[in-house]
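Listed after this line are the structures, all set down as C-alpha cells.
Consider the two complexes below, in which subunit A is the common component and subunit B and subunit C are the respective partners.
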Partner chain A sequence: MANQLDSELMIPNEEIGNTLDESVFATLLRDLKRIGTKLKQVLIFRGDKDNLRDWDLWGPLFLCLLLSVILSHGAPENQSSLVFALIFFIIWIGSGIVTINALLLGGNISFFQTVCVLGYCIFPLNIASIISLIFNNIVVKFIFAGIGFIWSIISSISFISPFIPTNKKVLAIYPVFLFFLSLSSIILTL
Partner chain B sequence: MTTNQNDNENDNDVEWFNAPVNHQHLEQSNQNQNQNQNQNYPQNPELSNFSNEMNEKTDSNSSFVSMFRTTKIKLNEYRDINKVKPLFDINNPKEVLERLVESINPFRFINNKNIKIESFDLYGPVMIVFTLAMLLLFAMKLTFNKNELEFFVLGKAISISFTYWIIFSVIVNFLAFGVTLKFTTIMSITGYSIFGYCLTLAISLVNNSFGFLSAIIFGGLSTAKIFLTLFFLSNQKEKIVAPAGICSLIHFIFIFYLKFAFIKK
Partner chain C sequence: MSDTDENQNGLKNTHVESESENENKGGGLFDADLLLTSDAELSSNKDLEEEKQEKQEKQEETVKPKEENNDLEFQSFGNKNDQSLEFKPEQLNSKQRKVPELHPPLWSIDYYKEFFNIETKEVFKKMGLSIIPFSTKFYSRKADLYGPFWITTTLVFLMSVSGNLASYMDSRKSGSENWQYDFTKVTFACTLLYGYVFLLPFIIYMISKCFISEKFEMTKLMGSIGYSLSFYIPVSILCVIPNESLRWSLVLIVGIATLVNIIINLYQELKNDGKMNRVLVILLLILLTHLTVVFLLKFIFFQYKEVKN
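Moving on to the complex of A and B:
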C-alpha cells in the first residue's frame, strides 16, 4: 500500500529525471534551454498556456540586467549608474503595476506569471538597444526602437490576453502600452 | 468571520484614539453626526438618486483628531484587495470613453438638471495620471538638458502628476460643503478632470502655437465641469459657491503651470 502511494506521489518526469545526481553544469544548461524556448515563443508571438505556467524569474532578471547595462553604457558618464537604476526600477515596478491592474480587472492569472511574461517580452527591445548602440544614428534608432516596441507589445498581448475577460482586454492592454512606450523612449534618447 | 475581525480591529483603533482626546471633541463630533444625519436631505427628490453614494462623512469638520481617526478607519477598509476590486470593475471599455468625454463636457448640466451620479471607477483616473506623467516625460525629453539627470526627470513627472491628483482631491474633499460623497468618488471626479490637462499637453507637444489656446479651452471646460459638479451635488447652495470657486481656480491655474514650466520652445 505504501509503495503504491509512493509511486502515485512520485511524478514521473523523463525530461528532468533525478536532479540530485547530475552536475551543476547540466542543471544550468537545462535552465538556459528553458529560457531559450520561452524567448523563441516571445519572438514568434505564440503564447502557450502550459509554458507560461512554469514561470521563472531568471530570464526576466537576465534580460533586465542586459538592457540596463546596454543603456547605461550609452548614457553620459556621470549618469550611467542612475540610468541603470532607472531601467531596473521601471521594469520591476512597471510590470508590478501592470499585473496588479490585470488582477483588479478580474484576470485569472497569478502575479509572477505576468511579471515573468512581461520580463521576457522585453527581448525585442534588447535587440533594438544593441542595434542602436552599434549604429549611433537617430533614424536607425527611431526605426528599430519602433519595431521593437510594436513587437514586444504584440507578443505580450498574445501571452496575457487569454487570461483576461473578453470585454476588458483593451483596459488591461493600455498600461502594457505605457510600460513599453516609456522603455523605448529611453532607448531613443540615449 | 472576517467582518467580525475587522469590526474588532476598528473598535480597537477607536479606543486607542479616544484615550488622549478631550470629551469636548467627542461631544462635538457626536453633535455633528446627529446634525448630518438629520440633514441627509430626503426632501429633495432630485438628489435622492445617489443615496447609495452617501456615506458617513460625519465629523470631518469637527476636529483634526477625529478626522484622522475616520481616515484611518476608512483606510483599513481598503486593506483587502477584494474591496478595491469594485472600484476597477468596468463591464464595457466604452464606459471609460464616455466618462472621458463627460469630463470636458460641462454643458450636460446646463441642458438637463437631473443629476445622476453613476458608479464611478478608479481605473480611468489612475491611467489618466500615468498618461499625464508620460506626456510630461516626453515634454522634458524634447527639451532635454544634459545636466539634468534622467532618473530625476522621470521622478519629477510621476511625482508631480500623482501628488497633484491626491492633494487636489483632498482639498476638494475638505472644501466641498454639503457634498456627501465617498473620498474615492471625489478622487474619481478629480482624476477624470485631469484628462483636460492630457489633451492640452498632447496638443502643445504636437504644435506649440495652439498650446495657449488649448490650455484655455480644455482647462476651462474641465474647470467648469468641476465647478458645476460641486455646485449641483451640494445641498447647501449658498455655502458651496466660494469653496467650489477656489477649487476650480486651483484647477485652472495648474494647467498654465504645467504648460509654461514643461513645454518650452
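Moving on to the complex of A and C:
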C-alpha cells in the first residue's frame, strides 16, 4: 500500500507529518526497506518498474562499495588499491557514460534514474563475487560470474530498452553489455 | 569554435573595408546573391543589377534584428549592409545543417547529439570501410563519435583482459605457476588508446587550423582512426594464442592496412590546399604515431615473457 503511493506521488507521503520526531533508527530502517524493495525488483526483473522511478543513489553506493571491497580483497597485494579505484571508477563513471550515451542516441530517459537502475543491477554480481570468494575455484567462479552477468544484463536491459528508438537499440545496449562484462571479468581474477 | 569564427569574420571585414568601397560592395552583394539564388536561377545579366538591389533590401530587413546581438565592433563600421551580407553567407556555409543562432553550446548534451545520430547498420558499414587500404569512401560518410568512442573502450577492455590472458598462457607454457593479474595494463591501455584516438586528431586539427586549411574536420579524422581500431578487436582475441610469429603477423597486417587507409583518406582531404610540405608533415606525424601505437600494443600486451619462479 505504502509502496504504491510512494511511486505515484514520488514523495514519502505516509510520513509527511511525523518524520521530524521519529528516531534516526526508524529513518534508516525506512531507507533500508526501500533499498530492499528495489533490489527485489532487480532480481525478479519483471517487477513493478515504477518502483525504480523513485531513484536513490544510496543503494548503488552500498552495492558499489561492497563489490569494491570484495574484489580488492582478492586482488594481488600491491594492486588492491588500484582494483578498488578501478571498480569505483567503472561503476560511477561507467554508468554515467552509458547513460549519457543512451541520452545522446535519443533515448527518452532520465539521467539519475538510469544511473540508479544500473547501480542496482550490479546486485547479481555482488552475490557472484561473494560466492566466488567462498569457493576459491576457477570453474565455480566462471559459472557464477556468468550467471551474475546474464542476470544483471537482462534485468538492466528490460528497464532501459523500451525508452530507446528501435533502430538504435543495439547501439544503446552494447555499452551496458560492456559495463557488466568488465565488472564480471574482474570477478574471475579473484 | 564560434569565438574564432567571429574573430575571423571581424578580421575579414576590416581587411575588405580598407580596400575601395565599391569593390567591397560588389563582393558583399555577390556573396549574398550566390546564397540566395543558388536554387532560383538567374536568367539574364540585365536583370541582375535590379535583382541585386531588391535582394539587398530584403536581406537588410531580415538581417537587421539579428544584428543587434552582434558585437559593437561590427556595428561601428560605416557600411552596415555589406557587413551583414558578408557575415551571413559565411556562417551558413560553414554550418550547413542548422541556423547558427540555434546551434547548441559546446557543453550541452544537444551539441553532441549530432555526432551520435547514427544507426546500427551504418556503424558496421563504416568498420568495413576503415580497413580496405586503398578505399577513399570513408570520408564521404557523415562523421560520428559513437564508433570511435565505443570501439576504443572495447579495445581498452579487451587489451587488458587478453593481454593478461596471453601472459597467463605464456606462464603455463613455460611451466611457471607464479602468475598474477596485472591491473596496471588497464590504465596503460586507457592512456595509449584514448590519446591516440582523441588527442592526436585534436593536435592535428590545431596544426591544420593554423597552417593548412580552415575546413579540416576533426571528427572525421577521429572517426577514421577510431574505426580502424575495430580490427584490433579480433586481433587482440587471436593474440592470446601463444605463438610469436602469429602475433607479429596479425598485428603487422592490421596495422599496415589501417595505416594506409587513414593516410590515403586524410591525403584526399588535404591535397587540394596546395601546401604539400605541410600536408606531408602531418601525414608523417600520423605515420609515426600509428607505428608507435602498433609496436606498443605488441610489446606491452602480446609479448612473450619467460616467467621465472
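Everything that follows uses one rule, which is that the second predicted complex is superposed on the first by the 172 of 190 C-alpha atoms of A that agree within 3 Å, B and C clash if a C-alpha of one lies under 4 Å from a C-alpha of the other, contacts with A are read in each partner's own complex, and residues count from 1 in each chain.
Basically, a residue touches a chain if its C-beta (ideal position, glycine included) is under 8 Å from a C-beta of that chain, and two chains touch if they have at least 3 such contacts.
None of these values were measured; they are calculated from a predicted model.
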item: Side-by-side fit of subunit B and subunit C on subunit A, or clash; value: clash
item: First, second, both or neither for A:L61, with subunit B first and subunit C second; value: neither
item: First, second, both or neither for A:G106, with subunit B first and subunit C second; value: both
item: Touched partner set for A:L178, first subunit B, second subunit C, both or neither; value: both
item: A:V69 touches, of subunit B and subunit C: first, second, both or neither?; value: neither
item: Touched partner set for A:I35, first subunit B, second subunit C, both or neither; value: neither
item: First (subunit B), second (subunit C), both or neither touched by A:I143; value: neither
item: Intersection of subunit A interface sets (partners subunit B, subunit C); value: 75-76, 79, 82-83, 86, 101, 103-106, 167-168, 170-171, 174-175, 178, 181-182, 185, 189
item: Residues of subunit A touching subunit B in the complex; value: 75-76, 78-79, 82-83, 85-86, 90, 101, 103-106, 167-168, 170-171, 174-175, 178, 181-182, 185-186, 189
item: Residue numbers on subunit B that touch subunit A, as the complex places them; value: 81, 84-85, 87-93, 96, 123, 126-127, 130-131, 134, 137-138, 141, 144, 146, 149-151, 154
item: Footprint of subunit A on subunit C - complex, ascending; value: 109, 112-113, 115-120, 123, 146, 150, 153-154, 157, 161, 180-184, 186-187
item: For the subunit A and subunit C complex, residues of the former touching the latter; value: 75-76, 79, 82-83, 86, 100-101, 103-106, 167-171, 174-175, 178, 181-182, 185, 189
